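By written order: A, B and C. Residues from 1 in each chain.
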Amino acid sequence: MAEFKHKHIIALRDLTKDDIELLISTAENMRDINCRDIKKVPTLRGKTIINLFYEASTRTRTSFEIAGKRLSADTVNIAPSNSSATKGETLADTALNLLAMKPDIIVMRHAVSGSHYFLANKLNCSIINAGDGAHEHPSQGLLDLLTMKDRYGRLDGLKVAIVGDITHSRVARSNIQGLTKLGSSVYLAGPPTMVPPGVEKLGDVTVCATMNEALQDADVVMMLRIQQERQGKTLMPNAREYSRYFGLNPTNIKLAKPNAMIMHPGPINRGVEMSSSMVDGDQSWVLKQVENGVAVRMAMLYHVCGGELE
Amino acid sequence: MTAEQTVLMDGAGIKRALTRIAHEILERNKGVADIVLVGIRSGGAFLADGIAQQISVIEGGAVPVGAVDITLYRDDCSGHLPHHPVGKTDIPFSLEGKKVILVDDVLYTGRTIRAAMDALMDFGRPQSIQLAVLIDRGHRELPIRADFVGRNVPTSQKENVQVAFDGSNQPIEVVLEK
Amino acid sequence: MDLLIKNGRVIDPSQKLDDTLDVLVENGLIKAVGKGLSAPAGVETIDAAGSYVVPGLIDMHVHLRDPGLEYKEDIISGTKAAVAGGFTSVCCMPNTKPVIDNKTVASYIINKAKSEGFCNVFPVGSITYGLSGDHMAEMGELKESGCVAVSDDGKPVGNSELMMRSMQYAAGIGIMVISHAEELELVGEGAMNEGFTSTELGLKGIPCVAEDIATARETMLAEYTGTPIHIAHVSTKGAVRIIREAKARGVKVTCETAPHYFTLTDAAVRGYNTNAKMNPPLRESADVSAIKEGLRDGTIDAIATDHAPHHQDEKDVEFTAAMNGIIGLETSLPLSLGLVDEGVLTLNQLIEKMSCNPSNILGLNRATLAAGSVADITVIDPKIEWVVEADKLASKSKNSPWLGQKVKGAAVATVVGGKLMYKR
């Protein structure tokens, strides 16, 4: 019987194929809870979950909060950007203070890649990564996988195009790790300024010269968010030119397989990464991604609460 | 270490027991009106299918059958062992005002039944819940008893009772392991 | 206090000496080097059989953090770490608080080292006032007060005109300019080398070309002005190539590398190890090979540690928040001896790079066992195996990537000015 042996979920890179499949299967089986009149099970009754979000996030934080509540855990949200962090308290000190409140799980988003490992070494509670710098965003990766499984019934042999700023994308990294482990292939496209060196060695990854090349016969087209504040002034001229070469539209989507699924981690810049007709069209799975987010996060909370087996 | 095994019931015996339980359910409830069957995953769910089949043979009409996975309602979730994989709860009908026949393979401490009843309550408010089990092996830790029992088997707590199923989820035998 | 070191393998490149000999020290000076030397009764004798006896090692690039940052290191603890690592002289960089950009600070360091330190300390003054990169410090006064070089180490002099003029001015005074060669725009917010590992870890990368461009600028300025330049902590294959080509053209360029650049790659950062975070960052295996080749063919003149102590609170933080740098004084010798085991360098070449060349580049007049010279001597047992342990390091700071690892070779006696300052 499959068992989840990890105390923390920090990166899909740290998980095996079996771990990922178990999390997805748990999420599939938990999903119905979210459709019932009573959207709650008593599983994590008495557990305390702290959502520690150093970066602003509505979607992910809300999703984790709902996931915790539906499992009957007590969830507390802390946004240190408007509390002690601005008074010079270090991450380690903040975490130690939170630990005095005896949380079972800390769900953290932090701008610094790897800060969850730092925290995991200091604290004895479980750590779940809700996004760290440009490193990983495992819950997003898992919900993307679940959504692809909803459409195709499998996660092997898929051709997944990921288009945009790969360098700064933790979503891309988690998807590359997950898809590769499950036997699918990733095709990346983006301005060369946004494709990091050696990315093809991260897994079953092909770096494409053009967006059209990546889209060719794709089963899944995943568009990444462009953030002017991240790309600065040196990575691209402006959003207008970006969307001309790396935006998804009714013409280039035809290169992908008929009825290929379109995904986006959100929030979407309509007219930049893709046109509104793509966002709202039949091929869009964007809302399903959000819906699956709660179930995936419930599965993550459930399994890290199970303790270690060593 | 090989456990000593005794076969308590064979396939035919199990089938006879399920047929009898089906008759008792119909008798007690005066027919199939408002009856729904919910089996507890995994063994109970297979047996619920078997009982439903017998009921339809006897009465000629189908009764709704669902399955409940009680993993999320277990009372041992705060232990330090890995959590059990979560199975699918599949109750594609309303329980509101229904007479629910909860089906399990082996009744032991009663904790599984407690969890299953909590799960059912989260799906609505049934008129009643009745419990049907293939084997009652005693040693209850909660005030729970079965309404329909295939066979009472006195056991010691060191022993283990297993219902084995074949590839198409048909019961093959009941085994006592010492 | 006199001293007789008997039966060691004396290796002195300055005299082309490599033989089993005795070394007699009297009144702080080398009295004699020869066979069967004897000393008057009562003179301390060190049996150096099986060990190397070499001119005192010189680390031309350390940070002693004194004045101003004594919670990381001070002149006493830093020089204690130096002698424990076999160094009899260190050159300390000017990024103290206040900066070594005036006579007062330089004199403070020299005096404190003389009265309380364990080894010779030669301060390096700053090129620009307060390391501002804005205008030239008083290099003349710095030289007069005992500084042996000028450097804005920690950052480059970004303004090319100011750098060129500083080199010309320094050459007029006769003081060496040491360059921290990095193009800051390319460094940006980078936290490690840009490459596969930075991609995997999602950390902002520093491309090696940031160092290459700056190294090229320095060699071209040296070539244009005809003045010397010393490039600090060379870490990239590009910089090695540029310096090799410049030397071939007769440019007066010298350079150093540090032990971590020939022993570690950026893979050491995996796990977000802040003790593998330094500037320049650890590079890739091709760079490590090029550094070794540069050492072998003489492109790289010196091995310096860039000993950069940081308090635990500055390292035990999220990766990007961690300070750059590692300590190196106490691990440099075993790591560098590894180059001899690997066949990269001969023992004689290693002593040149750890003693003679730094002395020559900076005009220190050390690094010899010739009779009559100052008795700075290091006795090295190349076979001792030991584990790098935090609580056994003399340095106040413990930010070493080698903690817990076994290394081979150690200084067993360090003699500074004729005094036995360290004995293992």
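Miscellaneous remarks
Following the convention adopted for this analysis, a contact is a pair of C-beta atoms (placed from the backbone, for glycine too) under 8 Å apart; a residue touches a chain by one contact, two chains touch by 3 or more.
This structure is a prediction, so every number in the text was calculated from the model and none was measured.
Chains touching both subunit B and subunit C: A.
Of all chains shown, the one whose average CA position lies nearest the global CA mean is A.
Rounded to a whole number, the gap between the C-alpha centres of subunit B and subunit C is 77 angstrom. Distance between chain centres (mean CA atoms), subunit A to subunit B: 39 Å. Per-chain Cα centroids separate subunit A from subunit C by 45 Å. Looking at subunit A, no residue sits in touch with two or more other chains. Those residues of subunit A lying in contact with subunit C across their complex are 13, 90-92, 110, 112-115, 117-118, 132-136, 167, 170, 173, 196-199, 201-202.
If you check the complex, the residues on subunit B that touch subunit A are 69, 71-74, 77-83, 85-89, 118-119, 122-124. Per the touch definition, subunit C reaches subunit A in the complex via residues 194-205, 271-272, 316-321.
Residue ranges of subunit A in contact with subunit B, taken from their complex: 1-5, 22, 25-26, 28-30, 32-33, 36-38, 40-44, 46-47, 71, 299, 302-303, 305-309.
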